[in-house]
Each structure stands twice: as C-alpha cells, then as structure tokens.
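Below are two complexes that have chain A in common, paired first with chain B and then with chain C.
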Partner chain A sequence: MNFIIKSVILMGLLSIIFGILLSWFNKIFEVKVDENVSKILSLLAGANCGACGYGGCEALANAIVKEGVDPTKCKVTNGENMTKILITIGKNPLSIQKLKPVLKCVANRFFEKKRALYQGVEDCRETVFAFNGEKSCEYGCIGLGTCERACPFDAIKMKDGLPIFDYDKCTGCGICANICPRNVIEMVNWNEFGIVMCNNPKKGIDVRKECKRGCIKCGICIKVCPTNAVSWSKNGIPIFDMSKCNLCNLCVEKCPTYVIKIQRDEVLLLVEKEPEELKV
Partner chain B sequence: MLSNLLKIIISAAIVDNMVFIRYIALCSYVGVTNSIDASIGMAFAVIFVQTIATAITWIIFHLFMQGLEFLEIIVFIFTIAALVQLVEIYLKKNVPSLYKAMGIYLPLITTNCMILAVTFINIDKNYTFIESLVYALGTSFGYGLALLILAGVRERLRLSNIPKFFKGYPIVFTSMALIAIAFLGFKGLIK
Partner chain C sequence: MKVLTFKKGGVHPKENKITKDKKIEFFFDVNDIIVPLHQHTGAPNQPLVNVNDKVLMGEKIGDCDAKVSSPVHSPISGEVVSIENVILPTGKFSLCIKIKNDKEYKLHESVVKRENIDSLDKTELLNIIRESGIVGMGGAAFPTHIKLTPPPNKKVEYLIINGAECEPFLTCDYRLMVEESENIVKGVEILMKILEPKKVIFGIEENKKDAADELYKIIKNKNLSNIIDIVILKTKYPQGSEKHLIKAIIGKEVPSGGLPFDVGCIVQNVGTTLAIKEAVCDGMPLIERVLTISGSGVKESKNVKVKIGTLSRDIVDYCGGIEGDLRKIIFGGPMMGFSSYTLDVPITKGTSGLLLFTDKEVKEYEELPCIRCGRCANSCPMYLMPMFIDMYSRIEDFDKAKDFGALDCIECGACGYVCPSKRYLVQSIRYAKNELIKRKK
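For the complex of A and B:
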C-alpha cells in the first residue's frame, strides 16, 4: 500500500506545483493584445500564405491596426469577412475588388508548336534561361507546372501542358501570377471579365508560324462588336471594356482561332446585406 | 572525463543517430523537412527543449522517484508538457524575437517522441547529470543534422524529374532509407 500513497502524493504534488506555476507565469508574463488585432486575426483567412507581403496573418493583423495598412492586401479572405474587417477599422467596405487568375494561352500539347525538346529541371523559371523554352512561342505558357507547385491552396492542376484553375478552391491571392516567368497568368475581376487568351504581341503571320491557336490580330472582334466594347491595346492585343459589353457573344463566335473568353456572373462578390447587419 | 563526454556526444549525434539508427521521431521528421528554413527552426527548438526537459526530468527522477519507477511515463510526459508551456509563456513576453522564430514548433515539440525517448535512455543508462545533458545535446544535434540533410534532398527532389509512381512520399521514404544506410557506415566508429 505504501507505494500507492507515495505515487498519489508525487503526482498530486507535481500537478499542484505545475498548476500554480502555469497560472503564476500567465499572470506575470501576460502580453497585452489589442482587442482589434485579435478580432481581425480571427476574421482573416488564416492561411498564413504570405501573399500580402507580411509574415503570416498575425503580422498583417498587427500592421492593419498599428500602421494603418490596407486590409485588402489580403486577397484570400472572403467577401463577408473582409467587409467585417473594413467596418472594424472604419473603412468603406464597397472598395473591395476581388481578382481571379486566367491563363492568357490556349496552346496545350495539341495546339503548341515545338522547336526543341527540353530535358532538365522541371521548372518554368529555369527553362526561361535555357534557350527560352521548348515551344516556338516565346510569350505563351511553358507548361512545366511552377504555378501548380506554388499554389498554396492546391487550386491548380496541370492538364495537357496547361494549368487548369479550380475556382472553388482559388482564393485569388495572385501567387501564381507573380511566380510565372512569362507573365501569362492575368488577374482579372472575379465576376466579369473579357480577355484574349493569347499573350503573343507579334503580327498575325508570325503568330501563325509559332502556334496553331493564337491571336492573329485580324481585328474581327473589334469590327463585329455592336457596342464598341473592344479596342486595340498598346501591344496589339484587343482589350475589353466590360462596362460597355452586352454579352452578345459575337466576338467569341467570330474569332477565327477561338481565343476570346467573356464571362459575367450575376452573383456579386459582396454580400448584399446592409453593412449595419454585418457589424461584429 | 572530457573524452567520455566527447564519446557520448559523438555516439549520440552520429553513430546512434535518433532518426536513422533508432527510428525515433519519424513523424515530425517527415513533417517539417519540406524546406530548409522550417527544418532549421525545428532543429533549434528541439535542441532548446531537449536540454531543458532532460535537466528537469533527471532532477525529478533522482530526487523524488525512488521506488516509483513505474510512474516514469506519466511523470515525464506531464513534466515536459508543463515545461514547454512555461517556456512558451516566458518567451512570448520577454524574448518575442525568439518566440517568433520558433513559432509553431515549440508546442509541436511537446508531443515529439524523441524528447521523451532521450529522457528514458538517460535513466536507463545511469548517466550523471552532466552526462545526460551532453547526451541530450548530442541527440538533438543529430536530429537537426538529419533534418537538414533530408530537407536539402527534398528541395532538390521537388525540381527533378521523378517517375509518377514515386512522386510525393514514396521518394521521400526511399531517400530516407538510403541516407539511413549511409549512416550505418558510422557503426564501429566508437568502441
């Protein structure tokens, strides 16, 4: 019986000592946290992706409260929580614009034209230094999946040599667009965008030589548009003014290489509640 | 005395490497070797916690636990968990930079099997206080070394052209096994 009493005493003493020590430490080494910081931290996405330029969500929450940094630097937080954060620090929540990535290239392995065979490090950024990749086109997607590996949310899958974006998982953080050495991923408005899915600024005949599906600068989309929403941009690729577009889809159908994509969702990004209801 | 300590530290770090020879702490080993930065943070946190935990558990065992050896597991786990908590609270207030550097690894280490194993081995081998501290340092250095090696290998692997069925964990385990075989070569370094 002796050892039972002994062990009870030992465990009891140890737990009492550590319990007292822990509560005492908690008191004397208490770190005062700003109320707003913890509130914003709980509203932020908590992915710690670092896309905002700060070391994790806690650092951004601190910076928002103490240095007045713009909370929309976090592209990951969803609309409702971002609205709450903006209200918490007293800013107008209607200033958010959420973006999503779109690939400006359609040359998968069926449409691309190759000029060499690349064997080596499976990384687009390395390939750029090695004779600028194996595809003839020096502006399109290289297709070695650097964006796939860079995506912290597992939203990109490579298929037939092109990245496919899964917009259910995508949070619009923009890491893929930043890491792409060809800048072929464009961040567009989440709900409405019109884009030519080709990045090659050369003349039509040269584009034809380098790729089976590229923008050949024929200008049909500009001529056919009834609302003048399409115009030439500086580098010769048509751009779309979505405020004028009426979704007639004529340009998409008439494009000889089918590289135009236009999309407008009726669901708006911001929840359509009154800001008063969202107050935390 | 000194040569004895040197023997202990070398055998703990290299010859009887915790990961490669004893197969202890494999879960956290595979978990944090994604990048070299993470593994360096983990290595230093382990060194820190391992040394403190060994010191405290040695004292508790030799002062209070005569005849109560069967309570080893409970008491040691309890002590290590409470200790890590105390250290974390202290660091958060007084050394915020260190707290930030160690970050999530400190609470993670509470459940690291290597910390517990080393405290047991110290008791089993009847080490003195100084010897057990040196042994703890040696094992945690060995663990850090193993972390760095595999992290370096994995950073290379990520960019290399691996067959599809080897992608992900299979190639990590294969390279771990190969490194372990290499470490077998140190057997017999110390008599």
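For the complex of A and C:
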C-alpha cells in the first residue's frame, strides 16, 4: 500500500506545481484577442468562400476591425447578422443594400438562333478560341454552365440552355456575375429592380436576325409608362428608375418580345408564356 | 540518304495531298478586298488612310510604333470604302480596311526594283524587310525582322529553311519549292547576308523529294553546295514545328521557354524566304500569298495565289463553289487550323490553307471520360503528359498545369488525334496556357 500513497502524493504535488506554472505562464504569454473580432467572426456566414477578396472569414473579420474594411464586402452574410456586425463597429445598419443576380438574356433553346455547332470543352470561357460559340448573338448567354459550376452555394441550375437562379440558396456573392465572360449576369437590388432581359445593343432588325426574342428597341415601354420611369440608356437598352415606378404592369404586358421583368418586394411582374404561345 | 526525324512522339495522319500536282493559279480579279490591320503576332496597326482615300498597289495603309509589329500594304489600287471591325480566320475581331478594286493595279511609287542588291548592308536589308511587312508565312505570323535580329550575345550558326509542310492537305509550300525554287535560293542568299550563318540547311519531308531535287539543281548551278545543304526528313507530324525541325537536323533541343537562338539556329519558312526575295529584289511588299484550297466540300481543289484580304467566299467561288453538305470550314491545316462558321472571312498573311470538309472527312464523336491509356503522352512530341494538364485545366488548378509543362505545349494536336475517348485535350490545354499568360501580365 505504501507505494500507492507515495505515488498519489507525488502526482498530487506535481499537478499542483504544474497548475501554478501553467496559470502563471498563461498570464505572461497571453495573446490579446479583440472581442470584436471573435464576435464578428461568429456573425459572419462562415462559408470561407473568399468572395470578399480575403482568405476566409477570419481574415475578413480581422480586416474589418483592424483596417476598417467595409463589412458589406461579405455578400453572403444575411441581413440580420450584417446589421449586428454594423452595430458592433459603430456604423449605420440602414446603409446596406443587398444584391442578387439576374440574367439579361432570354434566349433558351427555344428562342436562340444558331450559326454553327460548337464542339469543344463545355465551358463558356473557352468559346473565345472558337469564334465566340455557336449562338448568333454575341452578347447573350453562351449557356455552357460556367456560372453553374462556379457557384459555391449550388444556387444555379442550367435549364434549356440558360441558368436558373434559386434565390432561396443565393447569397448574392456575385461570383457568377464576375466569372461570366459575356457580362450577361447583372447584380440588382434584392427587393426592387426593373430590368430588360436582353444584353444586345444592336438595332432591332439586327437583333431579330440573331435571336427570336430579345429587345428590338421599339421604345414602347418608354411610351406607355405613365410615370416616366423608363428611359434609354447609353447602349440603347431601356433602363428603369424604380423610385418612379408605380407597378402598373403596362410596359411588361406591352413589350412585344416580353423581356421586361420588374420586382418590388413580393410583387413580381413578368410575362411567362410557353414558347408556342409566344409565336415569335 | 539518311532520313532524319525527332525521336519520340508525333503521329502520321493520312497525307491527303490532293493538290500536289496542281500548278499555282493566280486569282486577283475581285471586286472588294478587306485588309485586316492586325495580321501578325504583336501590337495592332493603326490605319494610315481615311475613308474615300485613293490607294495604290503596294502603298502602306497601316503601321504602328511598337517594336513587335509589322505594317500592312494595299494589295490593289482603288478606293477605301470603309474601316470597320471584321472577324478574322483566328476568330478574333480586327479593324479592317475595305478597298474597292478599280482593276487598274497601278503600282505605288515606293515599289521600285532594286538593281544592286550586293551594295545593301545588314541594317538596310532588315529595314526593307520590316517596311515590306514580312511575317512568318507558316501560320504564326511572327514579324520576320525581329526573328532575324538575334540578341548580340548569341551567334547564329545554322539557318534552317523549313520546307517540311507536315500538315495533311496543304501543298502550297511544296508548289513554291517546285515552281519558284530559283527565287527561294535567291531569298536564302539575302538571308545569308543578314545572318552570316556557317551553314544553311533545307529541311524537306520524304514525300516531297522532287522539290529537294529541284532545289539541289539550282544550288549546284550556283556553286553554293558547300554552304547550303538539303536534308530529307521523315514524313511525320509535327515535323515542321520549329523546335522539332532543329531537333531532327542539328540534334539539339531548344530549352523550355527558350528560342531557337539559344541553340544557334534560326528557322524560316520557304514562303517567307520567297517573300523576302520579292521585297528586296522587286521592292514588292507582302501583298500576296499562296494557299491551298482543298477538301471534299469544294468542287475543284487548287493551289491559288491570292491578294491578302481576299474574301474566302470569292476564292471558293473561283474554285467552282461549294459541293455537297458542308460540315466544317478550316483556315490553315487540319491539325492546327482554326475552324470557322462563316466564309465571309478575309485571308491574312498567315493563312496557309482553306479546307472545306463534308461528311466524308468530318466525324463527330462524343467526348468520353479519360481511360488513362497514356496514348496522348506517347504521341506528345514535347514529352508532356496531356491528360494531366487537361485535368488540371478543367478544375482550374493552373499552377499544377504549369508544373506539368502547360506552357511548353506547342498545340500541335497530336494528343487529341490519338485519344480513343476523343477528349478535347488541346482546347483545354490552350485555355490553361492562355490563363497562365494572362496571369504573367
């Protein structure tokens, strides 16, 4: 029994000594962690997607606190958490504006016009080596699904040759808009936007040659608008001033090629018909 | 005679040199000509003329101050109709000058025959070559005057004249060697004056022995046979690639990322040599080139000499028009050429062929997964492993692709040719290369 008592006393003494040493070292070598950094890190999305330009969420949290970087660089964090982050660093949370991607093209496989047959790697960015792909339109969606593969949140699915965005999964990070070689994906305000879903700045007759749908620059949306919310942009495609729009739905219905899409909060104005019904 | 070649890799596609015995025909009678301003590797040219200006044959219409550049000249006399963006055989857009042909073919005053060539010195000759807008006629269209000015610390021992023409279907270089052999040798003499090499070697493939005989006769008549040599090469693709030609003839390997200067060589195409002779002796800038029109999609296959900027549609009409159900249009050779969807494309200085293929030649395959057979690595003449570069390119790990030597790829297409899964190997390697070059900048 003697050796048991001896070892218990020895171990007990050792643990007391090490305990004291540890607590002492802990004081000496303490690394001070900014409370804000850990708080912000817990509020950030934690996807480590890198869309902000920093090497993960921790790097961004450090940059927010130490370098005063704008926290809205993170497009993934939801509104509630972002408000908390903004309050933590003492900024006005009302200033944030969340964005979502919208495709500025309607030429799916029913409406596109082809000039050739593309054989090669299924990637939109590779078509620059092959006469810019098979569709006649040089401005619209190429439809080989680079954005689908690039999306870190699995929010894009290709359907009939066009990407369909799943806004439940979408976080508005903007990776798809950056990777698109045609710049056909536009980031718009999450709750309120009006857009012409065509990217072709050519004249109507030339657009018709290249696509069965697409904005033909007839200007009827500008003529019918009772509140002058629609106007010509620099490249000849109508743009919408959503502060003036009263959601009358006139332009959306009058548009001969049905390419206008307007949304404010829960109201979505868009004519969606089967390809046979459109007769274009 | 011993037949030389490079050691490993390479393929031997069916030669299909249908136009081998057809003499070069001249086709200059066109209404409009579209001269692209950016036909060479390097900085694009700026137009020197305006719309409605009258231009004469051989007049300089585009130039630029950048070091790596080459001017363009008007191939005909006439009036400038418009200056607009047109798609080129390479699939890229370039500013083009459209000229309406007045069919008088009046020469510009700068085009003068030079009687006394021997009195010209090195810098004068190089200046003539630059001002004549001469670029490599093999396909890459690299400005020749830059290629002919090696860095001062490097000595040029060998001048190699590339007459390999390893691409199937193309016969324009062969026809030039047979018909214009005397002028080619004259061009070589001018090159010898500029470079002062120890030895000049013609590299000609085995299936073009009569061209070699023709050249040998002239060399012997001129008593140059102690300097100029003719070497017969094995018929194999890509024998005409600069690096493989050097490997086959000299036995030295151009280092990775290096230039032929590094092993004391300069390689020139026979077409370029001829263009140099025309520029120096006749004062004529590079405004014409010979190209092969072939394939089962055209009524009559021909070797045609055309003005640079002639629309391909006009050339096809001259050859009897399209026959059958056209499936593929290729500018250049079938292995390395560019596939196009339209014939409304002007011919540039680097277009060596126009191939129209129907179902006879074109077979469509579905791309299947890689089965790791390793045939691409066996066929690669650059000792690369295309399957790995392809894999890393597709998952966008370009650093890894670089480690596997993506930048050494010469895009010859041998790997894609032998692949049993018909994978788009060259396309994805080219994508990785492009991304890596973009990053360097």
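Methods note: the second predicted complex is superposed on the first by the 233 of 280 C-alpha atoms of A that agree within 3 Å, B and C clash if a C-alpha of one lies under 4 Å from a C-alpha of the other, contacts with A are read in each partner's own complex, and residues count from 1 in each chain.
Methods note: a residue touches a chain if its C-beta (ideal position, glycine included) is under 8 Å from a C-beta of that chain, and two chains touch if they have at least 3 such contacts.
All figures in this text were calculated on a predicted structure; none of them were measured in a lab.
S.K.: Could you tell me if A:Leu10 is touching chain B, chain C, both of them or neither one (first, second, both, neither)?
M.R.: After superposition on chain A, A:Leu10 lies in contact with chain B alone.
S.K.: Quick one: is A:Asn26 in contact with chain B, with chain C, with both, or with neither? Answer first, second, both or neither.
M.R.: first
S.K.: With the two structures laid over each other on chain A, which partner does A:Asp123 touch: chain B (first), chain C (second), both, or neither?
M.R.: Both partners, chain B and chain C.
S.K.: A:Gly90 contacts which: chain B (first), chain C (second), both, neither?
M.R.: neither
S.K.: Looking at A:Phe18, would you say it contacts chain B, chain C, both, or neither? Reply first, second, both or neither.
M.R.: Only chain B is touched by A:Phe18; chain C is not.
S.K.: Is A:Phe131 contacted by the first partner chain B, the second partner chain C, both or neither?
M.R.: After superposition on chain A, A:Phe131 lies in contact with chain C alone.
S.K.: By the touch definition at the top of the document, which applies to A:Arg115: first (chain B), second (chain C), both, or neither?
M.R.: Touch status of A:Arg115: second partner only.
S.K.: Looking at chain A, does chain C or chain B touch more of its residues?
M.R.: Ranking chain B and chain C by residues of chain A touched puts B first.
S.K.: On chain A, what residues does chain B touch that chain C touches as well?
M.R.: Common to the two interfaces on chain A: residues 119, 121, 123, 126.
S.K.: Sort out for me which residues of chain A touch chain B in the complex.
M.R.: That would be residues 3, 6-7, 10-11, 14-15, 18, 21-22, 25-26, 29-31, 55, 119, 121-123, 126, 149 of chain A.
S.K.: Which part of chain B faces chain A closely enough to touch in the complex?
M.R.: Residues of chain B touching chain A: 60, 64-65, 67-68, 71, 74-75, 78-79, 82, 85-86, 89-90, 92-94, 100, 158-161.
S.K.: For the complex, which residues does chain C have touching chain A?
M.R.: Chain C residues touching chain A: 87, 91, 338-342, 364, 394, 424, 427-428, 430-431, 434.
S.K.: Could you pull out which chain A residues touch chain C in their complex?
M.R.: Chain A residues touching chain C: 115-116, 119-121, 123, 125-126, 128-132, 134.
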